[in-house]
Amino acid sequence: MTELGTLIALILTLMVFSFLYKENPIYRFAEYLLVGISVGYYLVIICRNTIYPLVIEKLFIHGEYLVIVPVCLGLLMFARLNKRWAYLSRLPLSLMIGFGAGISIPAMLQARILKQMSASMQSLATINGIIILIGIISTITYFYFSKRQEGMFGKVTRLGTYFLMVFFGATFGYTVMSRISLLIGRFEFILRDALRVIS
Amino acid sequence: MANVALCSDPLSFSVYDTPSDGGGSVTISWQAPVESKSIPIGSFVIFRKMNEEVSWSYLASVKAENGLLEDRTAVDGVNYTYKIVSYASDGASEWVCPYQVASKAQWFDSDRLPVLVGVLVCLLALAGVALLHKKGKPFDIRPIRGLEAVDEAVGRATEMGKPVLFTPGWGGDIQRPTTIAALNILGHVASKTASYRCDLIFPTHDPVIMAAAEEVIHEAYIEAGEADRYKAENVFYTTSSQLGYAAAVDGVITRYKPAAIFLLGTFEGEALILAETGNSIGAMQVAGTDSTIQLSFFMVACDYTLIGEELFAASGYLTGDAKILSSVRAQDFMKILIVVVLLAGAILVTFGMVDFAGWIGKS
Amino acid sequence: MDLSRIDRRYIYLVIAIAIAVPLLLKVQLPVSVGPEVQKVYDEIDSLQSRDCVMISFDFEASSVAEIKPVAEAVIRHAFEKNLRIVGLALFSEGTAIGYNIISSLAEEYGKKYGEDYIYLGFRPQYVSAILGMGENIDQVYPLDYLNDDWKDFPPFSDVENYHDISLVVSIADGSLPTYWVEYAGSRYGQKIAAGITAVMATSYYPYTASGQLVGIIGGLKGAAEYENLLGYTGGGHRGMLAQSSGHLAIIALVILANVAALRKKR
Amino acid sequence: MLSKKIPIAVCFLFGLFGLVQYFSPHPAAVSAYSTVLDWVQIIFAFTLLVGVVSLLQIQLKHVSRKEKYWGYSIVTIVGILVMAVFGFAGGTERGTAFMWVFDNMQVPMQSTVFAMLAFFVATAAYRGFRLRNVEAGILLAAAIIIMLGRIPIGEMISARIPETAEWILNVPSMSAKRAVLIGIGLGSITTALRVILGIERSYLGRN
């Protein structure tokens, strides 16, 4: 079974890689297969790991009848499949969107704004402290929309774009490493596990 | 007794209902007397009793140094008395807290005050700008690079007789404000494709986003008077798997060869897979995301990139919606505020006053 | 030939060769330990025997090549320190992989399920799950991955919420550690470390600098560093050479592209 | 009424609750909150089922109408059904057929799709890192220093390279990143506020 599994994995790996040459029926087969299998996987996982413990078990074993409310809302989502009743699904949709918006406000304020501000307040007695403050302020200025980027203001926003470019370049450079790791992983599979060229 | 000094020098010992919590907890804090360093004390043992009880019950033993203990077994509304006993090799000494304490739940977590202040500032800024707008003050807003490109890209696709592809990325769900902003831009793109009679393909990894996108696109087609040209099967769920989604969208891109590709939303690793595939077929690509890492890839691989907040602002620009535009204005106001606070904070830290920076980052 | 607009397939070929050839050679490069990895190591090393760590497998199957050596290093360390491990997954694909990694290492170390580790399995909607566990883990995970009531295992019956977890290690390939920080960290004061793909590491520097994350183990290099600290050679060390030649190939390509563009201008 | 006003009211109420509960440690607030969290999970699970059904519908339509690529649609349908049968009948533990397909088919295919990024990074760099102007030069220089700094060879060339790389990441790059995060935070918060207040409701359609 393991041997067969490795062989199939090898074939599928090569089928996907064939996309690099050009889109072709072999890749297309793998693509549709991947979609099918992964959807099936999610279907099973969501039923066994969410619907069973959070709905079936709570309702029938623990007798928590309040669970009926989200179940009904969930079932309303099926109204989407019918054009006439599709609007009913707006109810669960608006609950998810509204609640999501609500919890995201404090979370964003705290982690994206306040924490970042707090961490940027560093002593200006060090060069790095000064650079960080200049960098953050000039970059924020770049994102200031109410004024055209001209004159003195334009020079500050330009400095901001330089900082942004350092950030993009650095992130790109850093990312290359993990992208290569992924390919190493695949090549190791092909050369070591499947073809046994290396030990 | 050897530890008389210890007894006569009562350790400062206070007991109080734990603040900003959900109840069921009393905090005991103490400062060991200086003498304790020279006197061999094994440990402090903390006892508790309920108001009417006679006997003390053991709570915890702790190191004989300054400390703080949360009694998480307290029942709300019950009065407790606490005592600390110190056992030394030659006897024990004890301190009894002179007052009783009951725990209770608080409705407000005071540690989160900075966040509350932030929310209020945001609301005030939004309301203030809306009021200004009502008074008829016009907004002058700087152009965003790449925004004009949205219409240009759709126009190009129409000329070439090819479809437009819009996908919001795998990283977000409907609860993410970025997704909402992307759907706003989708509305604009959809009304363009509707009036130009150009096909719009929208693959996604999230069935909830699919549902919302159907509403947005369908509506845009109705408004453009092209309701019958709306193709429901062009808005589809692929799979929730990240790379399954990437493979599927890659397939769509290479088979249908859209002339314009919009990658707007929250992207993760799939970003560059889609962007490079799009580039290889020569599509004009407009990207925008709030994922800081993927921004760098989009910058390198796409024709136009909306950087972070520009994506949010863009949804206002394109729809021309005064309410969204005024919130862009409110954001700008808050940026001024943030810069001022940052400067003030940095100056305070420079002079050794770190409390303010700490308070802001608290909670 | 206009090298500035070369067929992309030649570039693919260069990269394939740059990575495959070093893998066929057998050379190892030395690795020095960076501060971020050291911090994670120190944090785990400072825990007491039987303390409880939570390891969350927050990645997609596709990242397994890069993330598995990271997970293995951390789990080895935890088992060596005789810590209790609560495993779980917030990305469904990490579920089975995480269970495989943990259970095969447990076998190697002679650790028992329910005694030294448990595996809770997957919950979708990670924000809800992370927040929910701050109140009550049992509420979010009434049953474990094997569909047992994990509260019945005596060593884990006292684990109620983050109060009983000394450290959360999120092994991730995306933004999940951000959510751990934003929700478990800021709301419940939970200590969090991240084992992440190298690509994600930059975005987490602000979080380690601000103390929201204990430390970071970034990608293969991070895993190799951690392996150094633990004193063994694993998946992290392998492939460091291929990594390097891949980088050099890309740098060479960028230089080539610029030279070609310059020549064309003239 | 049902198509518009009630959803907006629901959105407002749950949004407000999501916002307010953050500030309250009170058990009543906490328990209401975890109840809603469970609800969201359950609704999401059902929505996923809807997604699967609609995917199946579309693929079946392709097959029955013999549209272009309809043969491939059969592959997808079979994939879904096989996984469902394996998963529901045989379980999802180690050693089951379900896990076998996952390990030997889904995982390798996904890893390969992801691994293609190594090639795409190279083509993007080849095309995008051109010395056109100051900005492009900064972008290029930062990328190359970091790339060298992250591999042992960089350290062999000069000990300054990894140091510089680390400094770039921690100082200039980080400060820009913080500003980007703050901007995104502001954009997200105002968008979320508009959603709660019912100003932003494109997801409801406009009629």
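A few remarks follow.
Labels A, B, C and D are assigned to the chains in the order they are written; within every chain, residues are numbered from 1.
FYI, a residue touches a chain if its C-beta (ideal position, glycine included) is under 8 Å from a C-beta of that chain, and two chains touch if they have at least 3 such contacts.
Fair warning: this is a prediction, and the values are worked out from it, not measured in the lab.
Of the two chain pairs examined here, A-D and A-B, the one linked by more C-beta pairs in contact is A-D.
Each chain's centre was taken as the mean of its CA atoms, and the one lying most distant from chain B is C.
Chain D has its Cα centroid 2 Å from the Cα centroid of chain A. Rounded to whole angstrom, the centroid-to-centroid distance between chain A and chain C, based on C-alpha atoms, equals 16 Å. As a whole-number value, the distance joining the C-alpha centres of chain B and chain C reads 22 Å. Counting only residues that touch two or more partner chains, chain A has 16, 19-20, 28, 30-32, 34-35, 38-39, 41-42, 45-46, 50, 77, 80, 90, 93, 96-97, 99-101, 103-111, 113, 115-120, 133, 136-137, 140, 143, 164, 167-172, 174-177, 179-180, 182-183, 185-186, 189. Counting only residues that touch two or more partner chains, chain D has 19, 22-23, 30, 38, 40-41, 44-45, 47-48, 50, 52, 54-55, 69, 92, 102-103, 106-107, 109-111, 113-121, 123, 125, 127, 129, 139-140, 144, 147, 150-151, 169-170, 173-174, 177-178, 180-184, 186, 188-189, 191-193, 195, 203-205. The multi-chain contact residues of chain B, meaning those touching 2 or more other chains, are 112, 115, 119, 122, 174-177, 180, 208, 211-212, 215, 238-244, 247, 250, 255, 269, 292-293, 295, 297, 299-300, 307-309, 313, 328, 331, 335, 338, 361, 363.
Interchain contacts join each chain to each other chain, per the touch definition above.
By the touch rule above, chain B contacts chain D in their complex via residues 20-23, 105-109, 112, 115-116, 119, 122-123, 126, 174-178, 180-181, 183-184, 187, 206-208, 210-212, 215-216, 218-219, 222-223, 233, 236-244, 246-247, 250, 255, 269, 272-273, 275-277, 279, 290, 292, 295, 297, 299-301, 307-309, 311-313, 315, 323-324, 327-328, 330-331, 334-335, 338. Those residues of chain D that touch chain A in the complex are listed here as 2-3, 6-8, 10-23, 35-36, 38-50, 52-55, 57, 69, 72-73, 75-84, 86-88, 92, 98, 100-121, 125, 134-136, 138-147, 149-151, 165, 168-186, 188-189, 191-193, 195-196, 203-205. Per the touch definition, chain B reaches chain C in the complex via residues 72, 171, 175, 240-243, 268-269, 280, 291-293, 361, 363.
Within the complex, the chain A residues that touch chain C are 20-21, 41-42, 45-46, 49-50, 53, 57, 103, 107, 110-111, 115-116, 118-119, 170-171, 174-189, 191, 197-198. Against chain D, the residues of chain A that register as touching in their complex are 1, 5-6, 8-10, 12-13, 15-17, 19-20, 28-48, 50-51, 54-55, 66-67, 69-71, 73-75, 77-78, 80-81, 87-88, 90-109, 111-113, 116-117, 119-120, 128, 131-137, 139-140, 142-143, 160-177, 179-180, 182-183, 185-186, 189.
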